[in-house]
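One chain, subunit A, appears in both complexes that follow, with subunit B as partner in the first and subunit C in the second.
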Partner chain A sequence: MRELIEHTEGINRLMARYGVKFGIYKNGEFHEQLFPFDAIPRVITHEDFQQLEKGLIQRVDALNLFLNDIYGEKKIIHDGVIPEEFVFISSGYLPQCEGIIPPKKIYSHISGIDLVLGKDGEWYILEDNLRIPSGASYPMIAREICRRVSPATFGNNSVVDNRNYADMPKETMEWVNTGGIPVIMTPGRYNAAYFEHSYLAERTGSALASCTDLFVEDNHLYYRDYRDRKQKVGVIYRRISDDYLDPMTFLPESLIGIPNIMDVYRSGNVAIVNAPGNGVADDKGIYYFVPKMIRYYLDQEPILKNAPTYLPFYEEDRKYVLDHLENLVIKDVAEAGGYGVIFGNELSSEKLSEMKRLIEKESRRFIAQEVIDFQDMEVMDGDEKVLRKADLRAFVLSGETTRVWPSGLTRFSRNADSFVVNSSQGGGFKDTWVLSQWKK
Partner chain B sequence: MRKLKFEYSMELKFSSPVNSHYFALRCVPGDSLRQKITLDVCRVAPADYTSMDRDGFGNLKISGCCGDYHDTFGYSVRGLAVTEGMIVQKCPLHPMYRYPSKYTQYEPEVRAFTKTAWKESGANSAETDLEKAVRVMDYLYHHFLYIPGVTDIRTTAADALRLGRGVCQDYAHIMTAVMRCAGIPARYVNGLMIGEGATHAWVEIYTDGGWYGLDPTNNLHVDDYYIKLAHGRDYGDCEVDRGIFRGNAVQRQKIYVNVEEISNDRDSCVNGTSRG
Partner chain C sequence: MGIISMEKVDHLYWLGRYTERVYTTLRVFFHIYDHMIEQPEGVYAKYCEKLNIPEIYTSNRQFVQSYLFGADNPDSVYSNMKRAYDNAIVLRDELSSTVLSYVQLALDTFESCRKTTAPLLELQQVIDDLLAFWGGADDYVEEEDCRNILKCGKYVERLDLSIRLDYHTKDLEKEYRKLCNRLEKTNLDYSKEKLSRLEAIILQGEDPKSYCQEALACLGGLFT
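Right, the complex of A and B next:
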């Protein structure tokens, strides 16, 4: 371990050379920055991981059933488990997807579930990301470099190998493939996660395509290769958001989409990973209802806990939220990537009453959560070990079966006072070790 | 019951050739309890291919592409519609028609208009939802000016209320927003109407277990002189014609709509007048 820490600088240098970068937009300009790596790993015991695995599989299975239900029969609404407005006002709900049955009935193929470890030793789910969760390639490539820098570390610790991550999306893509080549579609060079798109394409044996390489003809999707031959596409892992996916169905001004791909998809002639319309299930307002979904669809008790959450939409919760606002985290359900997260204790009394008015006026727009007392993690700051907030993004792959990648992306805040760990907000990352059963 | 002969054609002329032209058209009326359609002609040209399917709202949609350079594009739909007027088409309500959508947000203008329309029109004291809707429609008809050229396809219900004038699309958006805001599910409808030289827009409200059509632009119940093309939460969901192409060209569009009644006993035609 010490050896790894001593090599932190070298590891980061190697990663820079590999192009392990993260793009952010600030003031309308695109900046690419390194995603700083910290050599002290997060270690998850075998027993702890088994429990996590069960809980994550249960959660993602329920979310997939929910999506099938919402764009189909809507039983969970008819049975009064979720109030309909939470579903149908959500910007992630796309009526254009009504009645579509995706190949193998899978909506969320690659799910990124964000968790934190509380001081009580319990994992809490922070949010579900079922649209285009990024980040798996960072720990994958970090591990590769770490193993090279310090092979002994991995000889002395029984760490489950995570370098086969790409096999999992590859198998998922093969499972839903409708008969054609696999493609990873990127919005291009100036996307926050472009590094990951190209890396995954290489590792999953997919063609890396941009919108100009893809087109619809006779209700099938085709890829035009470098020799101008057209090849039928059976599965597309698209890394652009629903809004921009098909200018003929969604935003007409989208220049990075594929016109009429939604027709191909509706006809069952291509699988889209992840399915359009998933945003309705990872809406911050719907989050509150996920434990209810697990009970409703699976008839099981949720294994993993949600962070204690209140919906101002319900009068009782609203009263609690308004009375305890200074101790709560407020999240705007429409925002992503750590934006729109407000800590009540950081607000001036003026801002606090402004927030209260807003919550009363637009109660559907916000959720409020208790601040979880999460375990801090050790991070190297120069030669010094300091404690920082960190979360874990677990990757869950749904194909023939649902599986959890035995690793994950541990992100930490570089700022001592900050709880926000998103890479788009300038945090760093760690490797995540899952220990195998046999301790040496 | 009426027999209506209809024709709907559109022609686009580009000032210079364009290519990679993709289109999605909702220009073909579908069968329902209200209308039985027999198509004589359905032509889209030029096109490398076309395919017809239903969209997420249940409307017929033709999609396709013309890849090569071309300087005209158009479609033509002709056929016969056997229509029934003023009936409730029973069907389960999709909850999305209860909530505000892109063009029908409950902005202050919408809330204010809903409140006054409800009070002034006497809708408050009406017994059924349909009766309330008819009274509000009458109020809207008399308090909103029909003036073309002021609004465009991006105008929302609130924008139109601010302006106080507009065309059928605006009447339909305001009516839809006001109905939903007052708790009556409503949806936006595109279609053809006798005596109209263009496509028309109206609304359907959900009442008595089904959808019932009202035309606020003309203050009329939707009877058997109307042929429906498509519906959605608002205009954005059910555009009759959406297209994108490559090229730097100015386009000129010509639309021809004709709906005539075929009398059962004689061959005479009825041709009404209205505004749209």
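Right, the complex of A and C next:
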């Protein structure tokens, strides 16, 4: 381990060489930034991972059943488990997806579930990301480099190899493929996660395509090559949000997207990974109901806990939130990427009052959560070890079976007082070791 | 994958051109830099004229800084390196991360040695990275079409620079043959008429110096 830490600079230099970056817009300009890597890994024991794995599989299975239900029979609403207001006014609910049955009935093929480890030793789910969660490529390439830098570290510790990540989305894509080539669709190199798009295309053997390379003809999706030959596409892992996927169905003013791809999808002639409309299930408001979904669809008790959450939409919760706002985290359900997260204890009394008025006026727009006292992680700051907040994004792949990648993206805050770990806000990342049951 | 989109063909071709432009102009610059030791100020003027780039420099020293590293100078070697990178970065799945990393390394070297007092010492690394890029492309780029298009760009650029810099006819012939060899393999549509005129100028003894502009026009119009 010491060897790894000693060579942190060298590891980061190799990452730079391989272009391990993310894009960010500042003052309207695009900048590419390196994603700082800290060599001290997060270590998850075999037993802990087994429990996590069960809980994550359970959660994602329930979320997939929920999506099938919401765009189908809506039993969960009819049975009064989730109020319909929460579903149909969610910006992630897409009426255009009503009645569509995706290939193999899988909506969320690649799910990114964000968790934190509490000081009580329990894992808490912070949020579900079922649209286009990114980040798996960073620990994947980091492990590759770390093994080169310090083989002894991995020789002496029984760490489960995580470099097979690309095989998992590849197998998932093959499972839902309707007959054609696999394609990863990127909005282009000025997208924040472009490194990941191109790296996954390389590692999964998919064609990396932009919108202009793809077209619909006779209700099938095709990729056009430079000799004007066309190849049928059977599965498209799109790294573009629902709104921009098909201008004929969603935003007509959009200049990107593939006209009529939704018709092809509706006819079952292409699989879209992840399926359009998933936003309804990872809405911060719906998050509150996931434990209820698990009980409802699977008849099981949830294995993993949600962070204690309140919905100001309910009168009782609203009263609690307004009375305890200074001790809670408030999240705007429409925001992502660490934006729209407000810590009550950081607000002035004037801002607190303003926030209370806003919550009363737009109660559906916010959720409030108790601040979880989660474990700090050691991070190198120069030659010194310091403690920082960190979360874990676990990747769950749904194909023939539901599987959890034995690793994940551990992101940490680089500022001592911050809970925000997002790369777009200056955070760094760590490798996540899952220990094998076979100890060395 | 066996399929390449039109957009990627464009990026492959220009990646070939820009990497070659950086490679050759850097090597030529090494000679100019040496000449500057004994020559008076303004020795770069002729070079600018040959390359048909604006002569905007005020001194040898300023030429070295701006022509090599000028981020605001569209004709600087750095700007061409940046363009090579811009084309390479969208081709990771065709090139492989290994091959792409040499373009990244070359760009990083350029950016890190901007303030050095001995630029040639550091920029040798860029030349080494570009040679490694080409070696890597031969070894790692699996699609033959990709390699051919990339090399087609490379040889168009090399011939273009060779004509501009008054290389010997024998050198021009050599570069022309390399280009033809690749062109045939690319399956790209090109003007056979322009290629045969280029051949007449280069291979059939027409003095390329006097036909320089026409030769360059033929080369530039091959794919239009």
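Definition applied: the second predicted complex is superposed on the first by the 438 of 440 C-alpha atoms of A that agree within 3 Å, B and C clash if a C-alpha of one lies under 4 Å from a C-alpha of the other, contacts with A are read in each partner's own complex, and residues count from 1 in each chain.
Assume contacts are C-beta pairs under 8 Å (C-beta built on N, C-alpha and C of every residue); 3 or more make two chains touch, one makes a residue touch a chain.
Predicted model only: the values in this text are computed from it and were never measured.
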{"item": "Subunit B versus subunit C as contact partner of A:Asp263, first or second or both or neither", "value": "first"}
{"item": "Subunit B versus subunit C as contact partner of A:Asn219, first or second or both or neither", "value": "first"}
{"item": "Touched partner set for A:Asn68, first subunit B, second subunit C, both or neither", "value": "neither"}
{"item": "Touching partner for A:Ala207 - first (subunit B), second (subunit C), both, neither", "value": "second"}
{"item": "Touched partner set for A:Ser363, first subunit B, second subunit C, both or neither", "value": "neither"}
{"item": "Partner chain(s) touched by A:Glu98 [first = subunit B, second = subunit C, both, neither]", "value": "first"}
{"item": "Which of subunit B and subunit C A:Glu85 touches, first, second, both or neither", "value": "first"}
{"item": "Footprint overlap on subunit A, comparing subunit B with subunit C", "value": "none"}
{"item": "Subunit A - residues contacting subunit B, complex", "value": "74, 77, 84-85, 87-89, 93-100, 215-219, 247-249, 252, 259-260, 263, 266-267"}
{"item": "Interfacial residue positions of subunit C with respect to subunit A in the complex", "value": "1, 3-9, 86, 89-90, 92-93, 96-97, 100-101, 104-105, 108, 187-188"}
{"item": "Of subunit B, residues touching subunit A in the complex", "value": "22-24, 48-49, 51, 53-57, 61, 63-65, 94-96, 98-100, 232-233, 237, 242, 244"}
{"item": "Residue ranges of subunit A touching subunit C (in the complex, touch as defined)", "value": "16-19, 181, 188-189, 194, 198-199, 201-202, 205-210, 212-213, 223-227, 229, 231"}
